[in-house]
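Two complexes are shown next, each including chain A; its partner changes from chain B in the first to chain C in the second.
Let's turn to the complex of A and B:
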């Protein structure tokens, strides 16, 4: 029983993609790839604009001091993306306790972040790497 | 015309009732009606319902290989991303014999653990597909023991964000306990053949948020002694929004009922409400 050529070619392509990603050294941090401080500010501003126009997520921020959120979120992102910052604000659990964010609203916020990343033209693969850093935080944010 | 307006509605209606999952994460609809790939049921439950939502979906698929054609339509319900209920009707055309085999499949799937994106370990589900042939003549003729049967399966799946050089990588492995011959279309079991565990697997790479390219493998038993082959496919799935999926695949179903080289194409459309 032999596989078709196209199947084998696909196998090869996938193997090569895995191999390439494995041996590729990462000369730059995600923070640098986003465009350092200026790039991060552009991203977070686009994200805040998305939230501001969104009827699902905006209500959570009704009482929020936007400039405090902006500064804290930028520092936190800078830290998470291996930039030269240390986030020293309240931790994720402390901040989001009492908000009772459900899975739907969390994923909706991810959709908004993706829209913001598209708006500032981050590449598809950079977007995924950023999401991969944020996804593990969900357990400290929802349903509390 | 009805179809055209149905599709147009889905394509432009971006607001499904339940949009609680990330785009594309429910997978597509497999030929027995469960959420999955084309031929393998996956651990994800159909539709975009998250923990406090419900959703329904409907799909139709056609597989066309050298000597046979399979048409399937079905519906799926998702209750709180915990339970999936599905019902599908299959019509298997054998033009050479001027015969049509019809099978109905009712399915239940329960999510046991996790979330394909967020949990540390893969999402895990268990499911059952209850199948019955409308008219078991062909199955009996070929020596099948029964015209109805139940498949039980355990599925694990995971989406790894950015894992393949920045591209999202998905995999699913399913273990199925079954005695179905050609998924049940040729009956269930046979003399000296009993239920066995069968391995199925899928893997896909997301080229963008909307497009995934993948492969599937489904191990098959050979109860009837007709050289039943394992199934394989390569698929491309398009998710323009959370209301619509269109999937196309190239199938290699090997030998069916003693006739070799059953390769061909597959298309499937699912709408989510």
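Let's turn to the complex of A and C:
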């Protein structure tokens, strides 16, 4: 009887341990997969370089304050990718109203972001997850 | 014939008296502002120090617009107590700010959403920027009275004959941006030349500046 009891307790302990370790290995956030703050900074810096050297998108950004854009984009990405940030800047509609961005220029900018993600060596599956998070914002950015 | 002569003489007298009137009205001093290389300086502000005239403040707000990601005008001169509105003629948003002691403020300007004008009570200099577009720089000079003048392309300002001393200021001056230098008018002269040391503006924190080599300018 007692042996059977100890066995049960041992089993319970093992189950709990497994459950706990499962807790610890909860699927990481996209923010963590990107490499948290440092990883986001690398990504956004690569994106800034892509924009700065691109003839199509550069005119939109020529007069833009680089530090303001960098800080805002990092925080926004951190928020969208479930990181510990709350983006409190202007929303996507406020930012893009009046820019009248067409399909071509929008898609081209997405290509620049993909190029930046390649540059900082994010896996393609992670890139797809990030793009899936950003995709719903398209309607708030384009043709307004 | 004699009547004609009389008419001619009356006409001459009349035109002479008109001319003398004009010359009295035009009696003024000319100040020429040059930089450290002797080149004429446009957009220098000259404010008379001895003027104590208290004019009623203009009710209509002055306008500092935003056009194609630039302040328009780049330099606005007003009198203390006057209001300035910031209409934003661009389709896109701007975020105008001032850190200047004479009037710190910030104004988020979304297209088609006008904001109430701002009153500038303190005389001095306000430097304007835009948080979003760092290429945008503007200046508001708030004078004590309406006795202030802006130099033309030749660096000249016409001042009243009574001028004895004045302040000089320029948006690109080498010294502190909010400082105005005091000068005395040289006694007995109707023309005077004054030098102001200018400096090249700091590069802006923009994509345009950061990637200018890539785009060949």
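Keep this in mind: the second predicted complex is superposed on the first by the 118 of 144 C-alpha atoms of A that agree within 3 Å, B and C clash if a C-alpha of one lies under 4 Å from a C-alpha of the other, contacts with A are read in each partner's own complex, and residues count from 1 in each chain.
By our rule, a contact is a pair of C-beta atoms (placed from the backbone, for glycine too) under 8 Å apart; a residue touches a chain by one contact, two chains touch by 3 or more.
Since this is a predicted model, take the numbers as computed values, not measurements.
Engineer: Regarding the shared-chain residue A:51, is it in contact with chain B (first), chain C (second), both, or neither?
Structural biologist: It touches chain C, and chain B stays clear.
Engineer: So, A:88: does it touch chain B (first), chain C (second), both, or neither?
Structural biologist: neither
Engineer: Once the structures are superposed on A, label A:103 by its partner contacts, choosing first (chain B), second (chain C), both or neither.
Structural biologist: Only chain B; A:103 stays clear of chain C.
Engineer: If you count the residues of chain A that each partner touches, which comes out higher, chain B or chain C?
Structural biologist: Touched residues of chain A are more numerous for B.
Engineer: Considering only touches as defined above, state whether A:67 meets chain B (first), chain C (second), both or neither.
Structural biologist: second
Engineer: Both chain B and chain C touch chain A; at which residues?
Structural biologist: none
Engineer: Going by the contact rule set out above, which residues of chain A touch chain B in the complex?
Structural biologist: 1, 3-4, 6-7, 10-11, 14, 17-18, 20-21, 24, 102-104, 107-108, 110-111, 114, 123-126, 128-129, 131-132, 135-136, 138-139
Engineer: Going by the contact rule set out above, which residues of chain C touch chain A in the complex?
Structural biologist: Contact set of chain C toward chain A: 69, 90-93, 108, 110-111, 130-136, 205-208, 210-211, 214-215.
Engineer: Per the contact definition, I'd like the list of chain A residues that touch chain C in the complex.
Structural biologist: 48, 51-53, 58, 61-69, 90, 94-95, 97-100
Engineer: Within the complex, which stretch of chain B touches chain A?
Structural biologist: It is residues 18-23, 50-53, 81, 115, 117-118, 120, 160-168, 203, 205, 208-209, 213, 215, 229-230, 232, 234, 250, 252, 254, 263 of chain B that touch chain A.
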